[in-house]
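Pasting a structure here, questions to come.
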Amino acid sequence: MGVTQWPGGEAITTKLSEFVGWARQYSQWPMPFATACCGIEYMSTMSSRYDQGRFGWERPSFSPRQADLLIVIGTIGVKMAPVLKRIYDQMAEPKSVIAMGACASCGGMFDTYSVIQGVDTLFPVDIYVPGCPPRPETLLTAYIKLQEKVRNQSLLGEGR
Amino acid sequence: MTREEKQVKLLDDIQKQFGDKIVSAKMDYGMPVVVIDNSIHHDIFAWLKGHDEWKFDHFIDITAVDYKDSRDARFEVVVHLRTHTHNLKVRIKTPLADSSDEKSMPELPTLSDVFLGASWSEREIFDLMGIKFANHPRMTRLLMPDNYEGHPLRKDFPVKGPHRGSFPRGTVVSNKRREPAVAPTTKAKPADQLLPNTPWEKQRKPLSDKPVEAKEGGDA
Amino acid sequence: MLKHVIDKAVTETHIAEEGKERHDYYDLNLGPAHPTMHGILENRVKLDGERIIDAECHIGYCHRSFEKLSEHYSYNQVLTITDRMNYVSSMANNVGWTQAAEKLLGIEVPKLVQYVRVITLEMNRIMDHLIRVGILGVDAGAYTGFLYFMEQRERAYKIIEKMTGGRLTTTFGRVGGLDKPLYPEFKEDVLEWLRPIPKVLKEFHTLVTRNRIFIERFRDISPISKERALSYGFTGPNLRAAGVDYDLRKAEPYLSYSDFDFEVPLGTNGDVYDRYMVCMLEMEQSIKIIEQAINNLPEGSWHADIPEIFLPEKKDVYSSMESMIYHFKIIMHGIRPPVGEVYEAVESPNGELGFYCVSDGGPNPYRLHFRSPCLYFYQSIEELLKGGMLADAVITISSINVIAGELER
Amino acid sequence: MMPRDFVPVLFTFILVGGATYIILALTHILGPKVYDPVKQDTYECGVDYRGDSRSRFSVKFYLVAVLFVMFDLEVVFMYPWAVNFRKLGWFGLTTMGIFLVLLFVGLLYEWKKGALEWE
């Protein structure tokens, strides 16, 4: 990131990956995979008081094809695991995952026969959001952390 | 007549109608409770629903309880009904002995032709408690995946599930970025492969399409 | 890679057998990951053009084994499970469970606790109906109504946080009383919260109720008759929409509901419009109840005088000997009700929420069954969907208000 | 020689074509491409799809589509007329009036024949 003289005036130069990262961080299209109580807190984050639109995350996409980010909201049961795994596989690269709430991060209080103990047994997770359910402010800090991660993502990752 | 008199009259009517088949009929915490023999399990509900004075047409709830070792009849199906003509609720309990050999399941006639509300709740009892209901339109599992073995709400079923040795709380889970395994097809898999049952390091490995054999002393 | 896809398509082409009248129904999965399916309902629908010929529904995607867990929890710990059942109005379930446990233990709570429980039940009924009607509007295309209502819910969260410390999962109340004494300005806060709600309801009425589009989409969609509703086990707003006058607050008055006067709105033919109107009118009745309860809130202690069940306060434990012994006994032995079983039901916003608890005298319930109203009216979904259009399926499922935690326990 | 006043139209075509091409090229170059048989599979709410999308569907859909295209074109013809509405004066009004009446008769015919009813 530097400022160079240009015949007509000044110009800002930057690396291509920083430019792409800067553009992508404010336009993440989240796919809210809401199953349980955290879904109500996600609704509060989406509604006008905690408005996640301020971060450019206004447009939730309900199909994995257009989603950059999968937010796993709530408890994932044993019956839901193949569905969630398929949806993660069908998302386009570069994708990231937020596990919202204790149930998605580690099974939470439900250490039982019918609950998957944490979504990271199915696919790698970028950000774990603590709380049962996490407050909207916690979720917004998770967004900011993910923006930072997306900004510094190199363009030479896998699949180039 | 007051609520108590109505309840006592109801118990007498049932006693008169089904006589010896009624094991006991008494009041319990302000609600009439009738314990019946499982041979009249279907007839008593048809009679109660069609009865002109006691029109028990509101189906409230059906559930099952597993009294393993504390009673000779292991299971007990409990049904709650309600009538709006006399504003009363009744609880009808049907003790049911466990099936002799391992393969078959205890059996009861279904109520879904008398009360439509019983269809899914009976499926849930079949799924979680392992009680089969004869000529039920769709006797499959309701809550667990279709190819799940075992009936979770039975007393001999561990809370954490038979297939899973859960790692002790507080172990730090390594979160190094792993390549997602390329699963050629994600047809609904049996529960074993979803939750490999080997020590915690292997359990953290994401799904692989190979069926997981239970090996002792897993490799490094 | 494309070869794989082509092989799959070739192997599964339909070869029409001769002689069979070829009818091309379109198989569609309104599957679990669908915006209108609230995330956990799977409907396999057979379509003839836009009309649904046959529907096959599956649930179980969010089964969290509450009943198995509750066999290992003490009587006060079960409160952590009950707020995750109907998580849209979690305090209503907690009040329901405390009522059932107190009936099993034979405790009579003082008037103040009963009034506070009535207030929280009615507040949660309003909050539940706010989301229920808001989401019905969103599924029918009116997103603004949802935002008006969510704002009211956020204001209610402020009061609930002051009362119990949590926004959504509150573990409100204990067996035998409240979990902590009421904070001083509770009455003013609740009245302050209630003040704008009639205006917001009127806004939603003008937005939706007499709106030609919504009448066209809600009227005569998935009606259900009285007999079938009763036979399915409908309770709550969906049953009253079908015209059956069954409200637990009137039929079996509990928690001193007989002190307040309120009406129970009834529908006529149980279709989506009636369910919507019953919920809107119920909110107005709940406002009346809360105002009556707040205005004559009695004085008194915030828990029943039963030291061997209700944990004594910390300052007593350090000062008086008996409290310390009771404290030790409750913590080590736990609450041990007499052997027996009880069925206690509460009019939760979704319907009759029942608790069938069998106790063998031990510290935790031997068997605890939650009678979930959602399971009983979601059974009728296959019948309600048949014959309707695909767009009506979305509206029907949204109007029945199925909550995952309560449906699959 | 190309008449002078059509240059802006040519310029917009170039601009629009160029912009879309650049965007597609950028995403193709910069975007990672991970091919995976599950990713190629059809997405049907997370479960395996049933049936196939090449089954026949009723003619009602086709009818509604054709009606829409017809009335959409009608509006497209009205745009240039509406732009210089003042200059055309009475002559423009009468010709467009005849055009609209003709289409309105068509609409009435469909309405009576019941083509607009969905059942």
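General remarks:
Here the chain labels run A, B, C and D in written order, and each chain numbers its own residues starting at 1.
Everything below uses one rule, namely that a contact is a pair of C-beta atoms (placed from the backbone, for glycine too) under 8 Å apart; a residue touches a chain by one contact, two chains touch by 3 or more.
As the structure is a computational prediction, the values presented were derived from the model and not from experiment.
Looking at chain A and chain C, the chains in contact with each of them are B, D.
Taking the mean of C-alpha positions as each chain's centre, the chain lying farthest from the centre of chain B is D.
Simply put, of A-B and A-D, more C-beta pairs touch at A-B.
Distance from the chain A centre to the chain B centre is 38 Å, each centre being the mean of its Cα atoms. The distance from the centre of chain A to the centre of chain D, each centre being the mean of the chain's C-alpha atoms, comes to 35 Å. Centre-to-centre, using mean CA coordinates, chain B is 22 Å away from chain C. In terms of their C-alpha centroids, the spacing between chain B and chain D amounts to 55 Å.
Across the assembly, chain B contributes 143-145, 152, 157, 159, 183, 186-187 as residues in contact with two or more other chains. Residue numbers of chain A whose C-beta contacts span two or more other chains: 79, 83, 86-87, 89, 112-114, 158. Among the residues of chain D, those in touch with two or more other chains are 36-38, 41, 45-47. The touching residues of chain C, counted against chain A in their complex, run 31-35, 38-40, 60-65, 68-69, 80, 84, 87-88, 90, 131, 146-147, 150-151, 153-154, 157, 167-169, 404-405, 408.
Chain A makes touch with chain C in their complex at residues 33-37, 39-41, 43-44, 47-49, 62, 74-75, 77, 79-80, 83, 87, 109-110, 112-115, 132-133, 135.
Residues 143-145, 148, 152, 157-162, 164, 166, 173, 175, 177-180, 183, 186-189, 191, 194-195, 203-204, 206-207 of chain B touch chain A in their complex. Listed in rising order, the residues of chain D touching chain C in the complex are 35-37, 40-41, 44-47, 49-52, 55-58, 60-61, 118. By the touch criterion stated above, chain A contacts chain D in their complex at residues 16, 20, 63-65, 83-84, 86-87, 89-90, 92-94, 155, 157-160.
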